[in-house]
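In the two assemblies presented below, chain A is common to both, partnered first by chain B and then by chain C.
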Partner chain A sequence: MLSALKTYGTLIGFLLVVAFFAIEIPDTFMTAKNWLNISQQVSMLAVVAFTMTIVMAMGDFDLSVGSMASLAGIVAALAFRDGQAVWMGVMLALVVGLLGGLLNGALIAYVGILPFVATLGTLTVYSGLAFLVSGGKTIFGRDIPQVFSGFARAGLPLSGTVSLPALTILAALVLAAVWFTLEQTAFGRRLYAIGGNKEAARLAGIRVKRLRFLAFGLSGLGAATAGLMYASRVASANPTQGSGLMLDAIAAVFLGMTMSEEGEPHVLATLVGVMILGVLGNGLTQMSIDSYVREVLIGTIIVLAVASSSLGKARG
Partner chain B sequence: MTASFRTRAFGAALLLSAALAAGTAMAAKVAVITPYLAQPGTQFYVEAFEAAAKDEGWDVNVIDTKGDVAAVIARLEDAATQKVDAVVINVDPAQVEAGLAAVKDAGIPIVGMDAGASPYLVTNVTSNGYAMAADTAAYVANRIGGKGNVVMFVFDAFPPVQVRGVIADAVFGNNPDIKVLDRVTPDVSDGGIADSRAKMEAILAAHPDKGSIAAVWAAWDQPALGALQAIEAAGREDEGIVITGIDANPQAREAIAAGGNFEASMAQDFHGIGKAAAEAVAQTLGGKPPKSSVIYVPTRLITAGNVQD
Partner chain C sequence: MTLLSIRGLDKSFAGARALAGAALEVRAGEVHALMGENGAGKSTLIKVLAGVVKPDAGVIEMAGIPVAIATPADALNLGLRFIHQELSVVPHLSVAENIFLGRDYPRRWGLMIDWDGLNNAAAEVLSGLGVDHIRPGRKMARLTVGDQMLVKIAAAFGDAGRTAARLYVMDEPTAALSAEESRRLFAVIRRLRAEGAGIIYVSHRLDEVMELADRLTVLRDGATVATREVAGLDKREVIELMIGRSLAEGYPPRLAAIAEDVALKVEHLSTGMLDDVSFEVRKGEILGFAGLEGAGQSEAIRAIAGADGGHDGTVSLAGKPVKIHEPVSAWAKGLAFLPRERQQEGLVASASIAGNVSLPHLDDLLRFGLVLDRRAEAEQAVELGRKVKLKASGPRQKVRELSGGNQQKVVFARAIAGDPQVLLLDEPTRGVDVGARYDIHTLLRQLTAEGKAVVLASSDLPELVYMADRIVVFRGGKVAATVATAGLDQATLAALCFGSA
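And then the complex of A and B:
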C-alpha cells in the first residue's frame, strides 16, 4: 500500500491538480473541448519529452533538442520558400534532425565527450546554424504553404464542433512508437541496462557505443518532428522558437521518473509529467492567475516530487 | 509517510493558487497576452493599459509567455475556453492565427497593442514605424550634410523593427554621397547593447581614420548605446560621429541630454498606446468598435533641445 502510494504519488498529485481545477473552473475545465485543447497545446513538448526519455533511459541528456527544433523549422521553411514540395521540406528537416542527433551520439559514444558538454556544444552550433541559414529572420506569410500550416489546425471530427487535433494524433503515434521501442524490444531493454550500469552492460556483451549513438539519433529526430509541429502551429519559422522546449522536456521526464521504483524514466510516466505542465498552464490561465505563478509552482512541484521520492528511497 | 508528505506539498501548492485566485470579481474580463513583457516598451503600455482598465473596472489578466509564441496560441485558446470578454495581444498576429481563430470563433473581440495588422483584430494600436525611421534617418542625412559613411544597426527578424530599416535604406539610398558602410544585425540575447558595442568596436578598428565614419543609425536604442560606448572607449568621441536611436528609453534620454555623439531618438508614446488600446476595448465592449484597422499614436523626435520636457 505504502509502496504503491510512493510509486503513484506524482500521479495522485496530478489527479489532485485536475480535481482542483475541475472544482474551481466548473463550467469549462472538464470539457472534452478543453482537454483536446490541452492535448494539442502539449503535443510539441510531448514529442520532445518522449524521445528525450530514450536518451535519459541510458542516464544521458540531450540539451540540444530546443535549438534542433528551431533549426528543423527553419530548414523546412527555407525549402518551402525555395519552391520545394511540402513533403520534401519535411523530409529535409527530419534528415537534418536525425543527422544532428547522430552527431551528438558520435561525439558522446565514439569521441567520449560527456553528454552535458557535447550537447551544450551542439546546442550552440545548431542555434547558430538556424540564425545563419535564416539570416536571423522570421520566415512567415506566403513562404509557408497552406498545406503545412493547415496541418496544425486540422483534426478528426468527433462530434459537433469538437475534433481530435492532428497534432495530438501525431504525438500519440510518437508515444506509441517510443513505448514499443523502450518497453517491448531488446533495443529498449539494453538502453535501460546501460542506464543501470554502463560497465556491466558492456561486459554483458551489449554494444554500448552503438546503442548510445543510435539513441541520440532518435532524440534528434524527435526534436526535428517537434520543430516542424511548432512551425506548422505558428505558421512561421524563427531561429529561436524551439528554445523553450528543452528545459520543459527534461522537467517532464524528471517528474515521470519519480513514479518509477528504480528512478528509471518510462515514457508513459513522462506523459504524466507533460500533462502536469500542460494542465497547470491551461488551468491557471483560465483562473486568471499570473503566468509567473505557473513557473514557481512547476519548479516547486518538481523539487517536491523528486525530493519526496528520494526521501522515500532513503528510508526504504 | 512519503505519500502524506507529498499530498501535503500538493495541498500547499493548491492553497497558494486558491489564495491568488480569490478576489476575482465578476467584472468584464480582459486577457492581455504577450511573449514580450520583459521588453521595457511592452511593460510601459501594459502598465498604461492596466491603469485605464482599473478606471473602467475591468478584471485584467496579463499573461507573459516569455518569448514562446506557440504558448501564446495555447493561452489564446484558454482565453476562448474561459470566455473572457475581450483579448488584447502584443505579438505578430500572423504567427498566432490558430489561437486568434479560436478566440474569434468564441465571439470574443481582439485588439492589437503594437501587434501588426490582421483580419482577426478589431484594430491595432501602434506607432508609425515608417514615420519614426524616416524622422531619424532624415535627421542623420541632414546632420552630415548628405555625405559620408553610415553604419546601420537593424533587426529584420522582428517585423515592426524591419520596417524601420527599409525606410532608412531608402533615405540613405536617396543621398548619392552617403555610403552605408555596414548593415549590422546585433545579437540581442543579452539585451543588444554589449554585442552592438563589440560589433561597433570592430567597425571602428577597420576604419581608423578620422571622419571615416560619419554617423550610426540604429533601428532602436540599445545598438545606439552600444555604438556610443564603443566610440567613447576608442577615444573617438570628438570626430563628430552622429548617432541616432529609436524608442527614447531612459538610458538613451540620459545619453542625449549629456550632449555627446548620441544626438536623437524617437519617443513612442507607450503610455498613449496602452491608453488608446484600452479605449478601443471600451468602445468595442460598448458596441461601437473603432472603424480603422490601425490606430497610430503620434511619436516625437527627441534631441538635446527637448529631452528635458
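And then the complex of A and C:
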C-alpha cells in the first residue's frame, strides 16, 4: 500500500484534482475546449519545466530560467522595434538564451560554483539586463509584428469549434525532443549517471564538466523559447513577465520526481507535474477562487507529494 | 584491574563473518594495542563497542559487570570515548566551544554566555592533559590536525556532564599527524593512562605501537589470535601473528606464461604524493602494489588512470607514450580502472547493472551514432555478467539491490567490457565475501591468460603473494623495492612494507 502510494501517489492526486473540478464545474471543465485551453496555458511553463528536467537529471538546478525568459522576450521585442525581421528577432533571443545558459554552465562546471549560487547570481544579472535594455518599459503595440503575435493565436483546426493551439504543439515538440535526448541517447544516460554519482561517473570516463556545461545551455535555450512564447501570447514584452516560471518549473519537476522509484526526474513525469499545476490554476480560476489560494494549495501539494514519497522510501 | 572484557563476540554481515569469537581484555591504566590486517575485524569490534553495530553473540563486561551497548548513547554513559582519524569538529567555533559542545556554557546573569568563564574552564581541561600551547579562544579551523585531535580528546576527557571517561578507543589517531604532533598526542595518552584510564589503540604503525602500548591483542579473520605483553616482543613476531593465516586458503593456479611484450611502462611518475615511480607490466602479468595505507599504491594507480589530473613522467602503452590527464582518455586508450571505494567511486547505485556496465562504453552501443541500443546494452551485461559469475535477477536489476561481492563483479564487468589491454585495480577484493573473492581471482587468472596486463594494489598480503608475479613495494610515495613473488613469504613482504627489513 505504501509502495503504491510512493509511486502512484502523485498520479492519484492528479486524478483526484481532475475529478474534483469535473464535479464542481460540471458544464465547462471536462470539455475538449477547456483541456486545449489548459494545454495552451501551461505550454510556457511546460517548456521551461521540460528543459529544467535536463539539468535536474544531473542533480543540479537552474534558478535563472524565469529572468532568462523575460530577457529573451525583451531582446526579441527590441529587435522587432529596431525593424529586424521576425526570424532575426527570434534567433537573437534564442542565442541569448543559449549563451546565458552556457554562462551558467561554465560558472558551475568549470569555475566550480554551486548551481544554486551561480544561477541565483545570473538570475539577478539577467533580470537586471532585461530592465536595462528595455529601460524598464513594456514593449507592445505596433512594435510587435502581427506575424509574431499571430503565432500564439494560430492553431491546427480539429473540428468546427476547437483547434490545437500552436503553443501546445510547440510544447509537445519540446517534450518529444527532451524525452528523446534524456531517455534514448547516450547523452541522456550520462546525465542520469552524473545525477546518480558524479565521482563514479567521472572515473568511468564521463566528461562531467562538459556535459554540465552543455546541459545548462539547453536549459537556457528552453527558458528563451518560453520567453518568446509568452511574448507572442501577450503580444508584448516586459522585463518581469517570465519571473513566475522558475518556481513553478522546479515544482513541476519535483512533483514528477515523486513518481520515480529512484527519485530521478523524468520528463514524462514532469509533464504530470506541469498538468497538476495547470489544472489547479485553470479550475480555481473558473471557480473564481483567489489566486493566492492557488499558491497555498500548490505549495501544500508539493510538500505532501514529496513527503508521501520520502515516507514510502523510508519504509520501503 | 580489568576494565573491559569482551568474550566470544560474533558478527556476520550478509553471510560474511566479520567477527568469529573475538575476545579482548583491557586493564585500567594500560594502553592496549589492537592489531590485525585490514578486514581482520578491528573496526567491527570497535563499532560494536560504540553501539553502532549490534553483535550476533558475545559478552561485554565493564569492570566485571555485563553491559549491553545498543546505542552510541549507551557507550557514552558507560564511560567509553572514541577518537577517530576523521575528526568531527566544528571548524568555525573556538577551541573552548568545541570542548564544551553539547553542554551548557557558563552564563552571566543567566542569559549571556560567560566567554571568559568558558575559556578558563577550557584552559583548565587542556592543562589537565598537559596541553599548554593551545589558546582556548582560537578558532578550531586555525589549528593543525594534531592540535584539533588534542582538543577532541580534551572534549571527551572533560565531559563532566556525562559519566566520566574510563576507556578511550583511538582508531588510527596518528594517520594524519606529523611526528611532532604524534609526540604530543603520546604525551597526552600517557597522562590519561597515569590517571587510570584504559586506552584501546589501533594503528598500522608498528613502531608507534611498540613504543606506546603495554600489551597488544592480534585479531585475524575475526578471531583473537593472541594477547601479549609488548615488552620483550619484537616486530617480526607481531607481523607473523597478524598474517599467519594458513597458506591453504584457495587461490586459483596460474593458467599461462607471461609474454615478453611490455604492456604498460611507467617512468619517473611524480605527483604531489608520488616521487619518481617507475615500473613496467608485461602482457599476461599481474604486478602487485604493496605498502601501508597511503604509501603511494593507490595514488600511482589513480595517476595512471588520470583520476587526479596531471602528473609528471611518462606512461607508455605497448611502447607508445600516452598522455592521460582524465579518466575518459584512460578508457579510450584501453586502460580499465577499478577504483578503491566501490560505493563512492565505482557504482551508480540508482542505475541498473546494464547501465553501470555500459557507462564508459556508451559510444560503442549507439545506433545511427545517436540512439542508445538498449538491447545490445542488456546483452553485453548478460554476457559479461556470465563471465564474472554475477548472481542477479537480470541485466535491469538495480545495483543497490546486490550484495557487495556482486556489486564488485559489476564493476569488473564494466572494466573488461571494452576489451582493455591493461587493468588498474585498486583493492578489488576489499569487503568482498570469500566466494566472490575466489571468482574475482579466477577471473584475473583468465584475463592474464588472454594476454591482459594487470596492476593489483592490495593491502591483503596473501592475495599479493599468491596472485601477483612481481610486487612493487611503496613507502612514503616512492618505490622501496620490487620483488618477485616466487619464494617470497608474507613476513618478508610485510617487513618490506613496514620498512623494517
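Criterion: the second predicted complex is superposed on the first by the 311 of 316 C-alpha atoms of A that agree within 3 Å, B and C clash if a C-alpha of one lies under 4 Å from a C-alpha of the other, contacts with A are read in each partner's own complex, and residues count from 1 in each chain.
As a working rule, a contact is a pair of C-beta atoms (placed from the backbone, for glycine too) under 8 Å apart; a residue touches a chain by one contact, two chains touch by 3 or more.
All values reported here derive from a predicted model rather than from experimental measurement.
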### Query
Put the two structures on top of each other at chain A: do chain B and chain C fit, or clash?
fit
### Query
When the two structures are laid over each other on chain A, which of chain B and chain C touches more residues of chain A?
B
### Message
I'd like to know which partner A:H266 touches here: chain B for first, chain C for second, both or neither.
### Response
neither
### Task
For A:G135, select first, second, both or neither according to whether it touches chain B, chain C, the two together, or no partner.
first
### Query
In the overlay of the two complexes, what angle sits at the CA centre of chain A between those of chain B and chain C, given in steps of 10 degrees?
130
### Message
Quick check for you: in the superposed arrangement, does A:E199 touch first (chain B), second (chain C), both or neither?
### Response
second
### Task
Classify the contacts of A:A186 with the two partner chains as first (chain B alone), second (chain C alone), both, or neither.
second
### Message
Just checking: does A:R212 make contact with chain B only, chain C only, both, or neither of them? Give me first, second, both or neither.
### Response
neither
### Message
With the superposition applied, I'd like the minimum CA-CA separation between chain B and chain C in Å.
### Response
21
### Query
On chain A, what residues does chain B touch that chain C touches as well?
none
### Residues of chain A that touch chain C when the two form their complex
184-186, 188-190, 192-193, 195-197, 199-207, 262-264
### Task
In the complex, go through chain A and note every residue touching chain B.
2, 5-6, 9-10, 12-13, 16-17, 20, 24-25, 28, 31, 33-34, 37, 40-41, 44, 134-138, 140-141, 149, 152-153, 230, 233-236, 238-241, 243-244, 281-282, 284-293, 297, 300-301, 304-305, 308-309, 311-312, 315
#### Entry: Complex contact set, residues of chain C against chain A
305, 307, 326-328, 330-332, 337, 339, 344-351, 355, 358-360, 362-363, 365-366, 370-372, 398, 414
### Query
How about chain B: which of its residues touch chain A in the complex?
1-3, 5-7, 9-11, 13-14, 16-18, 20-21, 24, 29, 31, 59, 61-71, 73-75, 77-79, 81-83, 92, 94-98, 101, 155-159, 162, 185
